[in-house]
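Input: structures, listed below.
Each of the next two complexes has chain A plus one other chain: chain B in the first, chain C in the second.
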Partner chain A sequence: MKAYIAFARSGFLSSLAYRNEVWANIFGKLVQVFARVAIWLAAYAGMTAVDGISIQDMVTYALLGGVVMGATRHDRLVRQVGNALKTGDVAVWLLKPVHYPLYLLAVEAGMSVYTFLLAVVPTIIIVALVYGMLPPASPFHAAMFVAFCGLSFTIHFLVAALFGVLAFWLMTIFSLEWLLQSLIVLLSGLLVPFWFFPEPFGTIASHQPMAWLVYYPSAVWLGRLDALETSVYFAFGLGWASLLAFALALLWRRASSRITVQGG
Partner chain B sequence: MTALIEARGVSKRFRQHKRFPGLLGAFKTLVTSEYTEVAAVSDISFDIAAGEAVGYLGPNGAGKSTMIKMMTGILVPSGGALSVLGRTPHLQRMDNAREIGVVFGQRSQLWWDLPVIDSFTLHRRIYDIPEARYADNLKRFSELLDLTPFLDRAVRQLSLGQRMRAEIVMSLLHDPKILFLDEPTIGLDVVAKDAVRKFLAEINRERGVTIILTTHDLVDIEEICPRLIMVDHSRLIFDGELSRLRSALGSARRLTLEFTADPGPLPLTSATLTADEGLRKHYLLESDDISLVTILSEVGSDRGLKDVALHEPDIEEVIRTFYQRRNAAAAVAG
Partner chain C sequence: MRISVLPLLVKMFVKSQLEYRGAFWLDRLAQILSYGAVLTGIWIIIQKFELLGGWNWPDLALLFSFQLLAYSLGASMSFTQLAQLEEQVRLGTLDTLLTKPVNLWAYLIFSGLNIGYAGHIILAVPVLTWALVAAQIDWSLAKALFVVGSLLSATMVTGAIMTMIGATALIWVRSNHLFSIFFGFWELTRYPLNIFPAGIQAIMLSIVPLAFISPVPVAVLLDKPVPLIGDLGAPLALAAGPLLVCIAIAHWRFALGKYQGAGG
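Then we have the complex of A and B:
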């Protein structure tokens, strides 16, 4: 355990090594969040509510997308896992008494905390000052939002690591990275919340694992789910996370044993 | 004394997806599932006792790295039995990892973006090294390999020689019983090579760390390893003391006789004449049993013999002769 805490710390510290990236990050995030807010302002075109969703709700939703999704970089994870397996660099990890996927999780957590503190928080403050942001629906919803953020990070990590491992068999890391990028934009609810999806796509979208990345944390903050629904969907999300963790463990074993048996 | 490492008929075959050349071949490669088998290690047996330093030598592709990877548990042998510290490495990889140190010359284990010292601290956490012992080891090794000037620098800013020294120190911080080094001096300059060799020899001598190292460089073996294991084309061809290599591989000694006046052609029964320069004649001594006295008495005292020089072949020459003979044999057979 001590080792993994040290890994998380090193992830945080090695992010600090590239100081220019902080500014690039803040700027990039600002542009993204402003763009999403601008799209909703344009789409509402002066109306105060559409289908019972107010423009304040939508601006807050656009900002929250930045909070939950802003810190974790799935592209980096896919590349890291994919490269380690394809080049055989993973051998170095097999030599140490640690589990590589857990190591990655720890490092990613450290890096995410860094990005969250130094890029996401400033961005949100700036945009919130410009456009205004709704507070959480209740203290219960606020507390659950934090829990959902943890779940979001875990699922985000698992999905990205899975794509990275798949690169070992499927195709170039680059194409998987792009595939994941577009899937996440659409299926996490980052771009459009599922309540605007036509049926049956809305129902389908709100039950697949990536829905827990942005849609559910934001919906909880806005109070779109009552206490019971919130707990049910939290459990549902935990179920997805365990399933994904199981799949990752299985594929990871396959890939690394193929390397050790056949020499990559 | 029981052996620390036991290899009994260890083999490793790799399956390679067969590729067909050309554009049509590329499509054929897509749909076929034909494999070619390549033997990297064939039927190799040896015992290594605690405290030994063993050089594992062979040309490119002879299966040196494969053997190291099997002993460290990251490759599974296709045949035979392998035991390291009483364990089967690939089945007890994690337990094995705690007691061995590994350095790959071509692959860094340090954290690229972090200062060297941070990599060491992480290493301490991974192996759960007690603070006092860690501090002690770090101080001693850093002094011996002169690491102190760049401990605070990021790994990506180090020269290859500095990086290699840091890699070696890190691999020893958790007091491993065995240290595996895969081409640790590759690409280093003379000074760095020398520092690394002296350090490894000292670690082996004073701490009793068993060292197994692969290399192309014979000097590595001469300075660190009293024992040599030589492989070629996946097979073991020599295992023993370096000094025994010459007689084992049967490379001949060379003899040069110098005269004050040309005695004319001078064939000898005890040595073969290879070159005749008149005043200076070169011979080859095929057998080890022939003594210089026999030869000199055959030459006689009345020929104006001025000087005698006997050349023991150096290892490099021995090995070169060995490969040349093997290639010649292969040419005849083929």
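Then we have the complex of A and C:
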């Protein structure tokens, strides 16, 4: 466990070394969050509520999307696993008394904490000051929002790592990265919340694992789910996370037993 | 420098790209799905709200496809090649290119002409064709010429800005973080300019003139008002590309003059 904490720390510190990139990142994020809010303001066009969702709800939803998705970068993770496979670096990890996927989780967590503190929090504060942001629906919803964020990070990591490991068979990182990107854009709720999806697509979308990335944390903050529903969907998300973790463990075991490092 | 060398460079690179044909087309498919997901997201918003800043579905599809096409044509002549420039400066491999009897820019661009943008074009052309028919455009010869001219100009805007960002690596060694600012603003060019706050509009029409890639020319085409610059929209949309190319050439020469290697 000590080793993994050290990995997380090194992930945090290595981000610190590239400060210019962090500033560019904050600026890029700021523009994107402003844009997402602007899109909803334009779509509502003066209406106060659509389908029981107020414009303040949507502005808050757009900001929360930035909170839960702003720190973790799935593309970085997919690329890291893919490159380790391509260059053969992965062989070094197989020799060490560390579990490679857990090592990745630790480093990613360290990097995410850094981005969250230095890029996400300032961005959200600036946009919230300009447009206003609703507080959580209740103390219960606030506490559950934090729990859902943890679940969102875990599922985000698991899905990205799964795509990365698939590179063992497909030998192309590029398409895996873009494929995952397309799934996240549409199925995480980042761009459009599922309550605006035409049925039955809304119902289908809200039960697949990516829904826990953005949709559920934000819906819980806004109080769209009551206490019972919140708990049920939290358990549902935990179920998805364990299934994904199992799939990752299985694929990882298969992949590491069939690995042949080229040119070695 | 003998121009006849350029087609040879392109031919060699295309051959190397198509060596893994399966992987090449899988990558293209993944990109089509990814951009398709964004377009679907916009469609879902329009299904619910009908208009976005006064623009309907064919208008927005026209904007999206015009942007994608201009971007892919411009970026194929600049982005991947110049994003690698930073690494070449850092490793010192650029110095060997400088001693060759070829124009550095021509060598970099044509030896890496990115045919990977084929996916963007495969998606953009049919959507653009459909949208040009479906949108309410008052067709005339002048309008038809404007479509071609502004598309060319938008391509030049993309290429020129990317070239300027890439060339900055010759002075600063690192410049790739500037690309993240570019892409932050670039995502906004899929939406009408009038939905954004005046500050963002002003930036996109001046310091980061990405508005000329799509929102300005498409608004002119659809006879919609262009924020801040009004009737100047049409002439500026046509002039922006050639003007920025001239600035980019001057900047490239200046940066190359300043180049001293990355230390060591």
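Here, the second predicted complex is superposed on the first by the 258 of 264 C-alpha atoms of A that agree within 3 Å, B and C clash if a C-alpha of one lies under 4 Å from a C-alpha of the other, contacts with A are read in each partner's own complex, and residues count from 1 in each chain.
In the analysis below, a contact is a pair of C-beta atoms (placed from the backbone, for glycine too) under 8 Å apart; a residue touches a chain by one contact, two chains touch by 3 or more.
Note that the coordinates shown come from a computational prediction; the quantities given were computed from them, not determined experimentally.
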Query raised in the report: Touching A:A24 in the superposition: chain B (first), chain C (second), both, neither?
Result: second
Query - Which of chain B and chain C A:A227 touches, first, second, both or neither - result: neither
Query raised in the report: Which partner does A:Q32 reach: the first (chain B), the second (chain C), both, or neither?
Result: second
Requested in this report: Could you tell me if A:V192 is touching chain B, chain C, both of them or neither one (first, second, both, neither)?
Outcome: second
Query raised in the report: Among the partners chain B and chain C, which is in contact with a greater number of residues of chain A?
Result: C
Query raised in the report: Between chain B (first) and chain C (second), which does A:A49 come into contact with in this model arrangement: first, second, both, or neither?
Result: neither
Report summary line: Overlap of chain B and chain C contacts on chain A, residues 18
Requested in this report: Quick one: which bits of chain B touch chain A in the complex? Just the residue numbers, please.
Outcome: 12, 14-15, 40, 66, 69, 72-76, 90, 93-95, 97-98, 102, 104, 107-109, 111, 113-114, 118, 121-122, 125-128, 154
Report summary line: In the complex, chain A touches chain C at residues 18, 20-21, 23-25, 27-32, 34-35, 38-39, 41-45, 50-51, 170-172, 174-179, 181-183, 185-186, 191-192, 196-198
**Report entry** Complex contact set, residues of chain A against chain B
**Finding:** 2-3, 5-7, 10, 13-14, 17-18, 89, 91-92, 94-98, 257, 259-263
Requested in this report: Mind listing the chain C positions that touch chain A in their complex?
Outcome: 23, 26-27, 29-31, 33-34, 36-38, 40-41, 44-45, 47-49, 51-53, 174, 177-178, 180-181, 183-185, 187-188, 191-192, 195-197, 200
